[in-house]
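Each of the two complexes below includes chain A, the first together with chain B, the second together with chain C.
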Partner chain A sequence: MSAAAAGFVAMLKRGAAAGRVPAPALDRRQGLWLLAAAALTVVPHGLWLPPWIHALCLLLLAWRGLILWQGTRPPPALLLLAVAAAVAAGVRLEFGHFFGKDPGVALLALLLGVKLLEARAARDIRAGVLLCLFLQLALFLENQSIAAAAMALLGTLTCLGALVALADPAGSVREHVRSATLLLVHGLPFLLVFFVLFPRIQGPLWGLPADAFSASTGLSDTMTPGSISALGNSSAIALRAAFDGPPPPPAQRYWRGPVLADFDGRTWTAARFAEADTPFYRPVGRRLDYVLTLEPHNRRWLMALDYPGEAGPLVRFASDHQALSARPVQSRSRFALSAYPDAPVGTGESPTVLAAATRLPAGSNPRSRELAASLAAGAASHAEILERVLAHMRAARLRYTLRPPLLGAHSADEFLFDSRSGFCEHFASAFAVLMRAAGVPTRIVTGYQGGEINPVDGYLVVRQSDAHAWAEVWLAGRGWLRVDPTALAAPERIADGLAAALGAEDALPLMLQADMAWLRGLRHRWEALSNSWNQYVLGYNPERQRELLANLGFDYRSAAKLAGLLAGISALLLLGLYAWASWQRRTSDPVQRAWERFSTRMARAGLGREPWEGPLAYGDRLAEALPDQADSLHAICAAYARLRYGAVQAGDRQLRTLQKQMKGIRIQ
Partner chain B sequence: MPLHHANRLLETAGRIILGKERELRLALACLIARGHLLIEDVPGVGKTTLAHVLARLIGLQFQRIQFTSDLLPADILGVSIFDRSTSAFRFHPGPVFAQLILADEINRATPKTQSALLEAMEERQVTADGATLALPEPFFVIATQNPAHQIGTFPLPESQLDRFLLRIRLGYPDRAAERALLMGEDRRELLERQPAVASPSALLELQHAAQGLHVSDALVDYVQALLGATRNSPELINGLSPRAGLGLLAAARAWALLDGRDHVLPEDVQTLFPHVAAHRLHLAGDGRPVPPATLVRLMQAIAVR
Partner chain C sequence: MHRAASLAAAVRRGADRWLFRIGAPETAPIRLTQRRIYVLPTRAGLGFAAALAVMLVTSINYNLSLGYGLVFLLGGAATASIVHAFRNLLGLSLRPGRCEPVFAGEAAGFRLLIDNPRPSRRPALRLRAHGQVGAFELGPSTESTVVLGCPTTRRGRLPLGRSVIETTWPLGLIRAWSVFVPDADCVVHPSPEAAAPPLPDDGTEGAGTSASMRDGDDDFAGLRAHRSADSPRHVAWKALARGGPMLTKQYSAARGGDLLLAWSALPGHLDDEQRLSRLTAWVLRAEQDGRHYGLHMPNTRIAPGHGHDHRDHCLRELALFGTTAGDMEQRP
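This part shows the complex of A and B:
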């Protein structure tokens, strides 16, 4: 009993002694690799991480870098424990809980720094690399752009570099980079196979309702003066369209969004509408087919070109002639659509809708009502009233500007009689007020007008700055007619876009300025690139996967078959790689590489090694050609022969000596 | 490490056989690699002297067998004779029971006799009257043969040629060497006075050391590539056999040992390859022995890595 106790005590002592032995410091180069990997992983997370958390992450990495730089001991375990606890408390404070994606990723990013601080052994490096890779993956939960993919690629490369450095501490950094790149390239076929074959899931996988789709710029279903001009400065892309044939001329590019029929004197609001699987009008006349790629806006509007016709199963039609998505558009989506620009719409419009379209709140815009009454007096028909109102507005010399003065309660009055300058929503609103006051059913349509063809890929790109408001007037027998009052004051807005229509005093968005042509060209290229990325990489959804696999002749219906196919191809790839690797292993000897580099260098002086020439014979020939360096040439070749063919494995020191000797040879 | 024995031996032998340092070294390498040597040349260039010198300097029991068309197997292996006193047959060992045998003009004997010697060479033992008698150790045969186009010869079949590790040619001495030969004293007498500079046990040690020499993977790759080239060459009837490959490696080891190295280099293989291949390979078409130029071309097609 006592003997056992003594043994136990001795064991404890040994354990304690082992604990006191100074921990081996991290190899400097391995540490730097890991640090680089961690930095490249953490930096892009700054896009979304709360700034103080991101700064803290970088601070921890900097601390680790300092320790590595000075070669001092890592901080004691107790301190690290305190740091980890503080970090966890900070995350809790910021997010209020630990659940969900954001706090989880934030915590991991911070703990990566802590882990690096305590890293000493190979095991720690591996754990750090694993953590880095996970965090790189987590970045895609936030952002799936090309830039994010490029950063992740760079991060993965550095992680591989850290692993290579761990396995081959003697190699040079260049060799590490080369091996890591090679490893990454080996992954490419797997990437392709998995990309094509891995079963796709509809919608964003990580669309957690709490975090996602919170804020996005774009149209809303109400319009007050200033709500659309606020978008004028945003060059964010709203949608892209690829037409089967030539795109329609700019003056016909009306992308229909919410239709606003309720007016309270200041704010226009969308009216209720019916919806169905087919359009509420007879699609006749010219037909345009196009594919619309809509940026997510978390609403159902498709912003289809006037007037939408037949489309796929996910598209529905509203009685106010919008096309709607069956679900809110929460991820970038593609829709195959058609448009009938010349079709008459709403010829049989219901009386309630028409009644609602003439309603004006009592007491609002008295001057406009007065004007409307005078314009309508003696008019034979609604069409004539329309003509008169348009003529009046044309004659009123209203000014089109991106920065209209603020308007009060009677917005139409103030615009028409006082400020006389405004943006499209002022024109449309004032026009509608006049028309309604004259008793003609009129409503506001918001959406986008125009768009720009990207000369690089031919896509028509519509930006938020193309947001527009126009009006629709209902005439008996002709239905709803589009009337764009903005065109009266600024016809170039419709024909040539916003930039052409604005006066010199309006500060243009940088990208729209004319002398920035080269910048625009650059942007066209970049946007074409990210459009391809969106179309072919991010837009590879279940439907397109099915389509592609069917075209390739695979049976795509069964997930089990797909998984089997995936496993089979992966196994084949692995087998191929293995065969290649075992073939490659013969030439991957560092001594051999140094020798090949040496003979390549000598070849520049016309002293290349014949393929069949043995090392000593080559050495003799070199020595003959360069007699002043004969000794070192003989030494190099003999050393190589010994390292290559001798019984003793080449050590780092011998290899370095050989490399140094080789570098010492001077050639003309 | 009895390498100094070898060096002294080569040096001494070089004083007796003038201007043939490389051939002497090849012969010694063959001996160290436990192979047998075939010397193919016209008479009078010193084939017999070479055998004598080796036997004398190492202190090996020496036997010379002059092959003629009427030589019988028993003349080589030995014969059982009835002993009246014991009323039993007693085996009288033939000349093959020696450490170094010079089989002179081996292509003059009938195939049956030739094969008697060659089988003994391969198996290093002789079976007579149901009893198996081991040949002495070391056991080394130097066979000479006149070029086959001479009249009254039985060319050795390919299967028998394969049993010789190396084939060398002595050739005429160069001018300076020949002058020294003509001016100097009689080689035989010189040899008679020369004491042994090595011993059979030293030779066995060298043989053992050569077997232990390191052969790297890279070198085996090279040897295999060479063997493969002989087998795939459209110019040749047959390629080198696995036995030839083993022999090539053994000879290269011995050569590297004589060079004072502990590992084999491609150069060693390249040096020995023509001697290993020359008597084993034949040209497609007319079946002539492969000329040296073809062998060089073969080697130059194989990259040293």
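This part shows the complex of A and C:
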């Protein structure tokens, strides 16, 4: 035992209340720890919070920082109450109500700022830390990316640091960081085990607030000129697909979304279609199997590849040949799907649907009607009309652009005769108007076209910028045929994607620019990583848990067994921690360690060192017991005494010599 | 009410014996092993657990995979903090240190020598005894002295008694503690009577006057060889400065002879504690005045003497009058 300086540690004051630790005043470092935790928590919320609320949160934090910096007293309670009331009124004004996710989180963030300002006691710090942790969870409602997880990890570390600083005000910041990190590291195995084994339940447990899934982009069930080109600038991912075999060629990658059959002269709207558990056509021909991972859009559309065939449970089929999810897709979801690209569909389409597909509002697009009438004159069949319309559009030299001019009431007329430039929805809409005017059943299909194979993980990635609109024409005996009028003006759009089809004057989204190849490579890697994250971490749902446990040979249905497994592994982890706690290095000093090893070795020969015995006295006793090695024993003990208590720091060479001498001692 | 309190005390003693396996004072050193360290969540820990439960339900409700992750990570860290708190106490060894006698009403400063054999700091420890709490920390590989001030109310022997060393480090969510009864006590002298009558002279009470006492210091009687117990005030510094031997100046009191402080000579209307109080005040004053004084108690007599050791001897006799060592616990 190294009984070094016996320091007088603390003369203890009498507690104000017997048996209670008097609440100590917070010191500045404790306040700073909490401020850091709050800042790390609040800053990422800026991605979605209304700017003024976020700015106010940061302002409150800055105010707290100023108070800590100057060491002034916290503002009076009355002022804080007024601030809190003003903040609540502001949130009410912004959101119109208090109930729901967004105003709730906004209030929580502002409350944290106010709470920080009035932090005076340990209790306030704890409350602040809990608020921070809730807000970190709230961030996941908006964003569960790798970056959000990393931010949350850093925030959690800071929260733990704030708690450690609270418990140990005398420690240095470095010690606080070290303790918090060690706790986090020790918590990680629990995280892994519970993440995998904790029984997953498919939420929600009860009704969610109406705004729970508001933030989603994508297609809608109406189409006006400009509605799809608005998506062209977004490189957000809409869906990913992993094919069992080789993926279909680009020209066949039509991902079917809402089918729009009602037209009011400007806006196309989805009609109602029947629904069933099986497709409304006879699936024949080539079959493609794939797994679709759909980003949430809070709609039921699955964006399946044309034409969707047999699929897993929870997938339903509409008579417009769309695949639908049983419930709105509110979280990133996986669906096992199949497609029959060559199957004829709608050969026996009902007359009411066909009648609706020729309807045009009276008085709209007069010039187009005139053109259609002239094109249809003398045509023998609908197929011939189709040929003539396509030929006309090809000859009309229409220009494909991401920035079409704004169009008025007669959108098809203006596109075909005046502006002559437009995006896919203009092409599809004008084509459908011409065909309908000529009496051929035609409808618009919206969805995505194309997609890009990520060379890193082989997934086909479809982005919002791949949003597309095309048309379907019904011909007797052949059913609905896909016609893509955009391909007439810009065949590259279908074969090579948006970037190839647009002229130089169209500013492309950065990532689509050709000379950014290295950036695209980087993005491929990042997106493959995100995909793995989505598939294995975020997509770990009850179904995948069942699969995994079944693969591990574990009977999932027995909840008691699972609980037992969890408890057993937790006990093992705790046992490991206990072993860590009990293991203790006696000292970090190598000289002392060598000396203790030497004494232990001697003790085995019955020559243990007594606790009161100094090294020189011990040396004498050893020399007496082992007279033939007396000299080296004396030397060892003297060297130890010199290295341990002498004024000179023990060097490596002296230490090695001592260790060599110790090894040289022979005992019978 | 009183019965309920004594019942609670009995339950506690039973729990101490059965749960914490403590009873009589332990001989030093007390080593904190795994068997005698206990852990339970604090109120903040329960609050934290409730917050985690709410967060878990939120994660389930919104299907937040990362929410599950956050909850499990925090839960894991909190669970690990159980072991960290336990480790903060593990391996400490405690032994009682010296405790200076005090007068009743003053704070008794109990000293504990706590050895930390681990080459790392032990932060945020607390010591509790007699309803008092003191915070301290231990440096790496050192033995430190911790002082706990306990108020005293009565004379006698005050044992440190049931003591608790505890920590809520690192997160404040878990309290690890160990209960022990160190073999440490403090002698509490009777509190000196505030306005005690003047010293009795020649064994007769009330004869002395203030003036005669003052004379005691001034009346130089001669020099004698220095003894180590002599007050430095009485060393003959001038003689020493001249190169002579160390001598002590002797004074004689105005009335000459030894002062006898006798229990039996006190007025009959005083009860035992009042008598002890007055005798204490007289002992202090006699010592201060440099008198030679003796103490006659009903069953002991202390021959006249002088100096710190003599004074302490007398005070100790007064403190422990009528008690048998060890059973004078003031607060259960």
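The rule is simple: the second predicted complex is superposed on the first by the 401 of 668 C-alpha atoms of A that agree within 3 Å, B and C clash if a C-alpha of one lies under 4 Å from a C-alpha of the other, contacts with A are read in each partner's own complex, and residues count from 1 in each chain.
Convention: a residue touches a chain if its C-beta (ideal position, glycine included) is under 8 Å from a C-beta of that chain, and two chains touch if they have at least 3 such contacts.
This is a predicted model, so every value here is computed, not measured.
Trainee: Considering only touches as defined above, state whether A:R642 meets chain B (first), chain C (second), both or neither.
Mentor: In the superposed model, A:R642 contacts chain B only, not chain C.
Trainee: Now for A:P615: first (chain B), second (chain C), both, or neither, which partner does it touch?
Mentor: So A:P615 only meets chain B here.
Trainee: Which holds for A:L548: it touches chain B only (first), chain C only (second), both, or neither?
Mentor: Neither partner.
Trainee: Just to be sure I read the superposition right, which of the two partners does A:L574 touch: chain B = first, chain C = second, or both, or neither?
Mentor: second
Trainee: Looking at the overlay, does A:A605 come into contact with chain B only (first), chain C only (second), both, or neither?
Mentor: Neither chain B nor chain C is touched by A:A605.
Trainee: Once the two complexes are aligned on chain A, which partner has more residues of chain A within touching range, chain B or chain C?
Mentor: With both complexes superposed on chain A, more residues of chain A are touched by C.
Trainee: Looking at A:L133 after the superposition, I want to know if it touches chain B, chain C, both of them or none. Which is it: first, second, both, neither?
Mentor: Once the two structures are laid over each other on A, A:L133 reaches chain C alone.
Trainee: Which chain A residues are contacted by chain C in one complex and by chain B in the other?
Mentor: 586-587
Trainee: Where on chain A is chain B touching in the complex?
Mentor: It is residues 586-587, 592, 610-617, 641-642, 644-647 of chain A that touch chain B.
Trainee: Give every residue of chain B touching chain A within the complex, in rising order.
Mentor: Those residues of chain B that touch chain A are 214, 216, 218-219, 221, 262-267, 270, 299-305.
Trainee: Across the complex, what residues on chain A touch chain C?
Mentor: 1-15, 18-21, 122, 126, 130, 133-134, 136-137, 140-141, 144, 148-149, 152-153, 156, 160, 163-164, 166-171, 175, 179-180, 182-184, 186-191, 194-195, 198, 200-206, 208, 212, 331, 537-541, 570, 574, 577-578, 580-582, 584-589
Trainee: Residue numbers of chain C touching chain A in their complex, please.
Mentor: The touching residues are 34, 44, 47-48, 51, 54-55, 57-84, 86-87, 90-91, 107, 109, 113, 115, 117-119, 121, 123-124, 126-128, 131-139, 141-149, 151, 168-173.
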